[in-house]
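By written order: A, B and C. Residues from 1 in each chain.
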Amino acid sequence: MPTAVTHFKTNIYECLEALPKPTLDQLYREPATCLAIFRLLPPLARQLVMSLLFTQPISPINLTQSDLRLWVKNEAAALAKFDEALDKLSKLSIMTTDSTGYIQMNSSFRERFQDCLTGGGDHQSFGVPCERPAKDKPDITFLDRHAMKQWEEILHFMVGTESTRQPSAAVLKVVTRAKLMKEGKDKQLMITNKGFQFLLQDVNTQVWAFLIQYLDIADELLHMNVVEVLNFFFMLGSLELGMDYSVEALTPTQKQLLDDLANFGLAYRRKKGSSRYYPTRLATTLTSGNSAVVSSAVSSSTSTTTGEDGATEQGFIIVETNYKLYAYTESKLQISVLRLFCELQTRFANMVYALITRDSVRKALKHGITANQIISYLTSHAHPQMKKQVPLLPPTVVDQIRLWEMERNRLVATECHLYKEFRNQGDYEMVLKHATNLGYVIWSNARKRMFSVTEEGHEHVRNYIKKKIAQRKTNGGGVGEAGSGIGTPNNGSPSVR
Amino acid sequence: MSKQHKQAEEYIDIDDEIQTTAQQTGYAWEEEYKRSWDVLQEDEDGSLKRTVENLQHRMKRKKLFRDTSTIRRGIIRHIFLIIDLSEAMMEKDLRPSRLELTLSYAEQFILEYFDQNPISQLGIIVTRGGIAEKLTDLTGNPMDNIRVLKNKKNTDTDGEPSLQNSLEMARSTLIHVPAHGSREILIIMGSLTTCDPGDIYDTIDSLVKENIRVSVVGLAAEVQICKHMCKKTKGIYGVVLNEVHFKDLLFEIIPPPPVSVAQSKAELVIMGFPSSVTDSMPSLCACHSKPTTNGYICARCNSKICDLPTDCPVCELTLVSSPHLARSYHHLFPIDNFVEVPWNSAFTTHCFSCQMPFPNATTSLLGTRVVTETSGRYKCNKCNQHFCIDCDVFVHEVIHNCPGCLATTLSIK
Amino acid sequence: MSVLKDTATVNEDDANLLVLIIDTNPLIWTRSAKSTGLSLKEALRHLLVFINAHLALKHDNEVAVIASHVDVSKFLFPIPTPPRLSEDTDQVVDSNLYQRFKVVNDQVIGNMKDLFEDITTLNSYPDKASSMIAGALSMALCYINRIMRADEIGHIKPRILIISISPDSPYQYISIMNCIFSAQKLGIPIDVCKVHGEDTVFLKQAAHITGGRYLKLQIPQGFLQFLMITFLPDRFTRNYQCLPGEEKVDFSASCFCHKKMIDIGYVCSVCLSIFCHPLEQCSTCRTNLILASVNECGLKLVNGIKKLDKAKGRESGGST
């Protein structure tokens, strides 16, 4: 699970980091966005922001980086964390060092985040609720089902399960653009290796990956404002599950967005023109990074929100040390995901029994799925019963999956240049020695008088030989037919180690 | 102590329950045969959940019940832990083996003992190959004791144990203990035999004379001489059923034992309350002769020691800090057991201290056949507040404060 | 050895449970408002922002608030029965405030109001100077125990913060100490922020024994700032932070008879009362006492040494 969370974080993080400063400044005008981005920061960075957030009103103090450094322990680990925190803060232009060396907090971020904590301002960034109570309000189970139905439809489409409707245009665009699927020979969309990898992620990561791709096309194809789109995502993340919110308060862009998001299963509207919308669990857990909650809804349609954060009900896979895998699921989707790397043996009413074998894992590896992805999938979908044991997965299985992956990596191809047909041993050794000293030699064979050098060494070695030949020529025919070259470089043949 | 509680919660052995009741009435074979599955009864939905909950409830309660009358307890204790290291300890009937389990429990025991009896002392004696060997003398430092147990050389097994030799060795040290402290011996015995040089009854008589209390935890089967010895010296004798029960028996020794007025003389003990020092330059401590910067200065002889509580290595003054004394107060002022609240007076909606909602009276009464036997509420007789079972256990085992009495003015008035 | 699974090690991903105990003794708050300008109302505003900041740090951070009043200690949040929708806060959802903040803030304010309305007879309290801090601590520990039990994977790391204004109440000593030791056993740090008045010895010990932080508020206007810097960091972040100046904690004992600070005292072996001079009969438990013989020898020895020391001191004093 931790891996999944970090994965998601880096993803949205990279996306935010890539944004230009003015765009970030615009983003920080919404308190909801400030809160969501704040939560993405590493712990020490969050603490730094909090410590400095309210300093200004009392006395404007100017702090330099070294002043701040006094707050952390003088230990390598702590200082590394501190530097990482400052780095992230400056990349997101929340805290920057100005020309005088003082640390400055982004003023709009400061104000809006203060508003966020104190409840000041009139920004309506946490969703405007409907004034009139809804007639027949959908309950949370219904919303969960709806979200899962919509989202699984997309995944089913990717896997190619029969009897799935053609998804909406936006979905198709995202899928093809993210190269999760591509057109096959008969103009039919086929799932790619990347698509397989996508399927193994937990739902939260999937949703984010999807939304980030969506952000790309929103910018280019639909001509939406990136800031507005992001703000809307972050706002959705701060809404309350099971509440109804008013559509009227949204901007036209956001209304357009809402239609697409309803399609993905992030929101629910009774009918298209309805004046209210309900965020689903997929949306409300967006910024929490809490993948578990969402996957619980996936695994069992009956799952309710009994636990405080739903953490008690999640995961359905039990792996035994003998490579047997039991998955308590009825979802066709999960079963087809399992099929990617397991041999299904028997299917029961609520459970599937499968084997992890060398062949099945190799098949997955051939699709470009890595051993780590398989392992993190098994970890994040482990049955609560499994979570009680330490380590969570049987080490034999984990090691074996890694070993199977390593089996495939026995051969590494390296581009190189082969030198052969040296006239005599002396010449061969002279050139070889020179190349070895420079560290370019990959392989050599004295009996055949051949050796190969790396790509970057080629130029150098060739010049050296040319120089030697030229020297000999000037020295006058001492070495007979030296003119025809000491050795012949044979370009571009890869040597295999 | 509570971890074992946790384990017990997950592992309910109904046979166990029956066994304990059988013990009270007579020999097991004279009993009518009881089928453990008869205890389990399905409710109308065909689920066992309720019955299991009831069983859990009962178990929690059973553990809880304690004597709370304010009696004099021997707060300042001196105990020798005698560990059997005979061949019999290599048996694997307790997992992973008798020896390994004993050592790991002994370590937990020592920590818990010093936690609850901070100004007490403990020493370790092992017996193997017919002789007794003193690993540590009586000391107030838990880490010293644990360190010797960690040493593999000290825990090799060999031959037969000698009960008499080890008892005599413990006795020879305990008789010098000042009269205000209790004198106790705890034996963990895996062997069914002992290899003694003389008449063990003489030893037992002298133990009785010296007011030394001997408790034995047997790992194999009941042994007559142990039972006799414990009875004579007013100790506890128990034979383990399984791993969890082993720990229960061992940890029963931890709360300070009650002492009869005649048995112990009340004394005024001189104690030092050392001040802590932090030097910029390290200096040698008197206890381990190691350079340290932090430490405490003995109030009497000014020697520097690392840790409290301890006896000053130079002038033998008992050194404690005031919180150490405070740590023992809860033994002196125990809180009363809470009483179960019957359904007809169960009006409260939630636990007073943890805010956990209680099961609702009306809904459960509807269930005709199997209702939860208890209302899940427990009442403190002083403040009349209601608590849930978990808080009840927690309050009596860990906090030793009644939140209700402290949080309302009723009790103060 | 604890009910709680491994509370000592903290991971970056762990959620934090903050149990905030607010000392609401109205008499002392009035005094504080007069002398420093920090009234309860003002302090509460700061505290609410602080609670929001805590909740903002992580999506799964939890908070509980307990009031330690003069005659009762009570949960302000969470309470099992949700309050009736009060008239002044008509909206359940406020588009300008994050929903979780709003729920907490409304409940805390509402329950605090109720607390003060209930109390009508201030004069009848037995001990006006103090508040029910031991009761509040016990409740906090019970609550933490409950949350930890529910959390099977040991994901939630608890801590307690006490906003203290009342002075120590001597008859709460044993119960407070019991709470401190339970907290220590369970690995729960107790932070203490002393807002007004003299340092409290009990709570200082609490912070020291449990590995929490103790701070006496120097600038009342900067209350929030102090909270943010000193008490907001979660247990993971604290691993990397410098502690605010560690103060020396007084562990010396005072005798029961004259309340005199002593280095060497006489302790009754039955009830552990401390006296500064030998007694025939223990004044607490009425047992007849004999002075332990071994130590008496030691005492004589030491008295001898002390005399020697004095003599030496005189000599050296004379020579310089």
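As a working rule, a contact is a pair of C-beta atoms (placed from the backbone, for glycine too) under 8 Å apart; a residue touches a chain by one contact, two chains touch by 3 or more.
Only a predicted model underlies this, so the values are computations on that prediction, with no experimental measurement involved.
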Graph class of chain-chain contacts, one of line, ring, star, complete, other: line
Most central chain, Cα average position: C
Most remote chain, CA-based centroid, reference being subunit C: A
Computed distance of Cα centres, subunit C from subunit B, in Å: 29
Distance from subunit C to subunit A - Cα centre to Cα centre, in angstrom: 44
Geometric centre distance via CA averages, subunit B-subunit A, whole Å: 52
Residues of subunit C whose C-beta touches two or more other chains: none
Contact footprint of subunit B on subunit C as seen in their complex: 1-3, 71-75, 78-81, 125-127, 132, 134-136, 138-139, 141-143, 145-146, 149, 171-175, 177-182, 185-186, 205, 209, 248, 251-253, 262-272, 274-275, 278-279, 282, 287-296, 298-299, 301-302, 305
Contact set on subunit B toward subunit C in their complex: 1-3, 5-6, 72, 75-76, 108, 111-112, 115, 178-181, 264-276, 299-301, 315-318, 321-323, 325-330, 332-333, 349-357, 388, 390-391, 394-395, 398-409, 412-413
Contact footprint of subunit A on subunit C as seen in their complex: 12-13, 49, 52-53, 56-60, 91-99, 101-102, 105, 150-153, 155, 221-222, 224-225, 228-229, 232-234, 236-237, 239-242
Subunit C-facing residues of subunit A, complex: 2, 5, 31-32, 35, 38-39, 42-44, 46-47, 50-51, 53-55, 58, 70-73, 75, 77-78, 81-82, 115-129, 238-240, 243, 249, 287-290, 308-309, 311-312, 384, 387-388
